[in-house]
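Shared between the two complexes below is chain A, which pairs with chain B and chain C, respectively.
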Partner chain A sequence: MRITQGCFSFLPDLTDEQISRQVQYCLENGWAVNIEFTDDPHPRNNFWEMWGLPMFDLRDAAGVMMELNQCRKAYGNSYIRLSAFDSSHGWESVRLSFIVNRPKEEPGFHLERHEVAGRNIRYTTKSYAADRPEGRRYG
Partner chain B sequence: MPQNELTTRSIPTNRRTPPKESDMNMHSMTVRGKDRYKSGVLEYRKMGYWEPDYAPKDTDIIALFRVTPQDGVDPIEASAAVAGESSTATWTVVWTDRLTAAEKYRAKCFRVDPVPNSPGQYFAYIAYDLDLFEPGSIANLSASIIGNVFGFKPLKALRLEDMRLPVAYVKTFQGPATGIVVERERMDKFGRPLLGATVKPKLGLSGRNYGRVVYEALKGGLDFTKDDENINSQPFMHWRERFLYCMEAVNKAQAATGEIKGTYLNVTAGTMEDMYERAEFAKELGSVIIMIDLVIGYTAIQSMAKWARRNDVILHLHRAGHSTYTRQRSHGVSFRVIAKWMRLAGVDHIHAGTVVGKLEGDPATTRGYYDICREDYNPMRLEHGVFFDQHWASLNKLMPVASGGIHAGQMHQLLDHLGEDVILQFGGGTIGHPMGIQAGATANRVALEAMILARNEGRDYLHEGPEILAKAAETCTPLKSALEVWKNVTFNYESTDMPDYVPTPSVAM
Partner chain C sequence: MDMDTADMTDTVNLREELEAVGIEEILTQLDRELIGLVPVKTRIREIASLLLIERIRKRLNLTSEVPTLHMSFTGNPGTGKTTVALRIASILHRLGFVRRGQVVSVTRDELVGQYIGHTAPKTKEVLKKAMGGVLFIDEAYYLHRPDNERDYGQEAIEILLQVMESQREDLVVILAGYGDRMDKFFASNPGFRSRIAHHIDFPDYSEPELLAIAELMLRDMNYKFSADAREAFIRYIALRKTQPLFSNARSIRNALDRMRLRQANRLVADLDRVLTADDIMSLEASDVLASRVFLRERSTAGSA
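Take a look at the complex of A and B:
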């Protein structure tokens, strides 16, 4: 399967040049870009690990791309996403977020059904990969 | 005077042309002292409802009406009558006025302008003191402003065009239960419009068949699916069946994609008790969102907004019925007023037009509605039909929804007209796809992502739109087929409602 979180998951994987243009767009809007990675891509896992701090006061996308390549070297078989934070009043949250790296194989999720009273069912989404300990989930 | 600074800016002063027939009318004609309360009938303009020298206070509510007096009725008198009948007046003088601070409670019409290019119509600006209204109640606000006066005999027609709601009043409302920012955080979706579809056919599907449509559309790439306004609990599908099958579909699609998904479960019912029961069940099943129809009434809407805030559920509003009073230019209530009331009332989503789709909506007027939903401050923009500066005092933002007759081939136009914080709902444009519902959903999602990518790269996406879509279709057969099927579908009809003011280069707006 292919996890389709983030803004561009339905397109073919972005090239570094395409990623860099999106980063430039974020920087020109005054947003700080953060690199985050995880091996637990559960849809409600909001807090991926941070690769350093959001890059405030950056002008050139090349800085982000350099960091991204470092992150890929260390976590090349994990999910990596870029998130852009807008600090302006009335928003103060993420403006753009997209996946820039995926594990070679994405095993996806298992839906557990627990039948309860009436015809009600309690659903639990479980990542197949997350059964293994952190750091050993993808090969 | 600093107090008046804001109010003079908020009102279009550059077009202050007195109606020709009555230059005298520019002065107050209010009868004062003992004579004011002599028994009998007195013209409204003499009773204190026409005060051209009145400078509205920052805390006043200001309403702008389009008044069409009957033939022979003086426009000032007609406008004063509107002020009177929507505040303290009755048809004759009553001595009991003298037991009250009557001058404070009288609504004051302070300005009347002829409507450009519309003979016989006048814009009347009326100020209401804040004490006339119960805090936090749309029912009370609307009972005052539109309660009696629309049937008033001396008027041929009357339309409430816009309202300036003072911050002091805005702050008495909860506002959207969730708001755009928190909705995006909860749904984990940033940087693009959200995608939805209304399940079709709107009537007749069994719960099991209905859930099938939901599953296919969500798995294919939509973020939301939606019950239609008249899907409640009918013989072919009782509400519990729908809720149970829909939540199976939502959870299955979530596991299949790794994304958060939702379906607007319509909890509209005959009584509040039934609505609460349905909303509770939706929450118990883990739905992130429920839905109500505008026809349930303002009080019911506010109750559901409070319920939604208490229970962390997003609240979608379908504006069922609004066209009965919003569409005609001369009579009724403009949708921009309804949008303002709904932002106060506290819904999270509101249908606000598509511009390019099958339902009424002139681009400039629709832009005005979208600004009212999404901005923290609306400056006066006559060319968008926005007559007042409006401060929202950090009230949550309301997500507009574009639904009705739109398809993937229009993605560049939709993004250009409606921006990023919007839900694009492709009902027929998803379910009617020749390769099936999943393919229809995928086509829409790919078209959207390709357009956002191009926009962010700085491309002239509006003009290069068809090219961008064609390129994206090279690696996406469903999109290719969608573009082919609907390539010539447009809905070009003249709008029945559009702004009265058109920007000209010589006028500084």
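Take a look at the complex of A and C:
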């Protein structure tokens, strides 16, 4: 199951040129672009690993693409996302975030029904990938 | 000037091409604002022409290779290397060989780290900032320390070389430094020499050129020499040139700054005087002659 998080996730995967254009849009707005990766696709997993520091003061997307390609080389079979941080007063938060790399196979989620008092049911989603230990989830 | 709108006929009007990109304007500005440096200007003109042709060839599908644009500027201090680098960036930008046209000027400090594992991220950060523009490395020979084989400079050099080769379309690197030391630097790093297409040597300025530079600088600051001061300054240049640590236009700029200081002091000394705009603008001979440079002349003349 293809996970959908952040911008553009219902579209087909962006090509490198499209990613580069999006990054350029972020840079032209003065946002700092950051690269993060993870192998835990749960939507509530807020804390992805950072690939280096957020990139401030860049003028051209080529710098981000260079880092992204290095990140892909190291974690090519994980989820990688770019997030653009707007530091201007009043925003001071992430303005855009999108997935730029995903594992070849995404096993999807298991829905667990937890029967509790009365006839109530609590639901839990659990990624099949997360059954295996960190670092070995996508082969 | 947009590549897509150009029709794909086989005829090309060079004049229109040239006017469309507007580099002629930059080149004439270069001629006007930079005094002397004839070999440098000729070389830049050649490069600009080559790039213009290359741009047309690309549009006619005669070439797809990105030309190597990395350069090295060698010359004594104060010969205008940084100024020319800024101009080159805007020429390259207008011709579309760099996308953004910013110049990131760095020295060894900004590229080389202080401990193991510090250099690579530091160098990469600078490279990322320079992407789409020009990376100007001043006094590049400091990157290589032949006396210390464990120096982290070598690591920075390797990263630079790799990016210079693999991302030629993203970034232009200009190395600058004093002639003899750059020669040694290139000798010990043959990779650099072969990756750099244009070696440009900046000659020292002649005395009349230095005077012209001084007058240009003064005009920009809304000052002028009185006739006597001009004569005195011609003597000043001749004397200063023979002294050690002479750094061409930079020495001239410093000298002018000191003269402005003396002029201000002279004007303030007489508080009751009513000044005209002309008084405030002119540097007098006394402002020039108070320089330490003349001290030696006086003492040698006295002893002779």
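The working rule: the second predicted complex is superposed on the first by the 139 of 139 C-alpha atoms of A that agree within 3 Å, B and C clash if a C-alpha of one lies under 4 Å from a C-alpha of the other, contacts with A are read in each partner's own complex, and residues count from 1 in each chain.
One rule holds in what follows: contacts are C-beta pairs under 8 Å (C-beta built on N, C-alpha and C of every residue); 3 or more make two chains touch, one makes a residue touch a chain.
None of the values given here were measured: they were computed from a predicted structure.
S.K.: Overlaying the two complexes on chain A, which is it for chain B and chain C: clash or fit?
M.R.: Verdict on chain A: chain B and chain C fit.
S.K.: Looking at the overlay, what does A:Asn120 touch: chain B (first), chain C (second), both, or neither?
M.R.: It touches chain B, and chain C stays clear.
S.K.: Under the stated touch criterion, which partner chain does A:Pro12 make contact with: chain B (first), chain C (second), both, or neither?
M.R.: first
S.K.: More residues of chain A in touch with chain C or with chain B?
M.R.: Of chain B and chain C, B contacts more residues of chain A.
S.K.: Let me test your reading of the model: by the given contact rule, A:Leu58 touches which partner, first (chain B), second (chain C), both or neither?
M.R.: It touches chain C, and chain B stays clear.
S.K.: Which holds for A:Glu67: it touches chain B only (first), chain C only (second), both, or neither?
M.R.: A:Glu67 contacts chain C only, not chain B.
S.K.: Could you look at A:Phe109 and tell me whether it touches chain B, chain C, both or neither (first, second, both, neither)?
M.R.: After superposing on A, A:Phe109 lies in contact with chain B but is clear of chain C.
S.K.: Consider the C-alpha centres of chain B and chain C from the C-alpha centre of chain A, and write down the angle between them to the nearest 10 degrees.
M.R.: Seen from the centre of chain A, the opening angle is 100 degrees.
S.K.: After the two structures are laid over each other on chain A, how near do the C-alpha atoms of chain B and chain C get, in Å?
M.R.: It comes out at 16 Å between the closest C-alpha atoms.
S.K.: Which of the residues in chain C end up touching chain A in this complex?
M.R.: Against chain A, the touching part of chain C is residues 99-100, 102, 121, 124-125, 127-129, 131-133, 163, 167, 170-171.
S.K.: Along chain A, where are the residues that touch chain C in the complex?
M.R.: 52-53, 55, 57-64, 66-67
S.K.: Which residues, counting only chain A, touch chain B once they are in their complex?
M.R.: So the residues of chain A touching chain B come out as 1, 3-5, 7-12, 14, 18, 21-22, 25, 41-44, 46, 83-84, 89-98, 108-111, 119-121, 123, 125.
S.K.: Inside the complex, what are the residues of chain B that reach chain A?
M.R.: Counting only chain B, the residues touching chain A are 181, 184-185, 188, 190-192, 221, 244, 247-248, 251-252, 254-260, 284-286, 376, 394, 397, 442, 445-446, 449-450, 452-453, 456-458, 472, 475.
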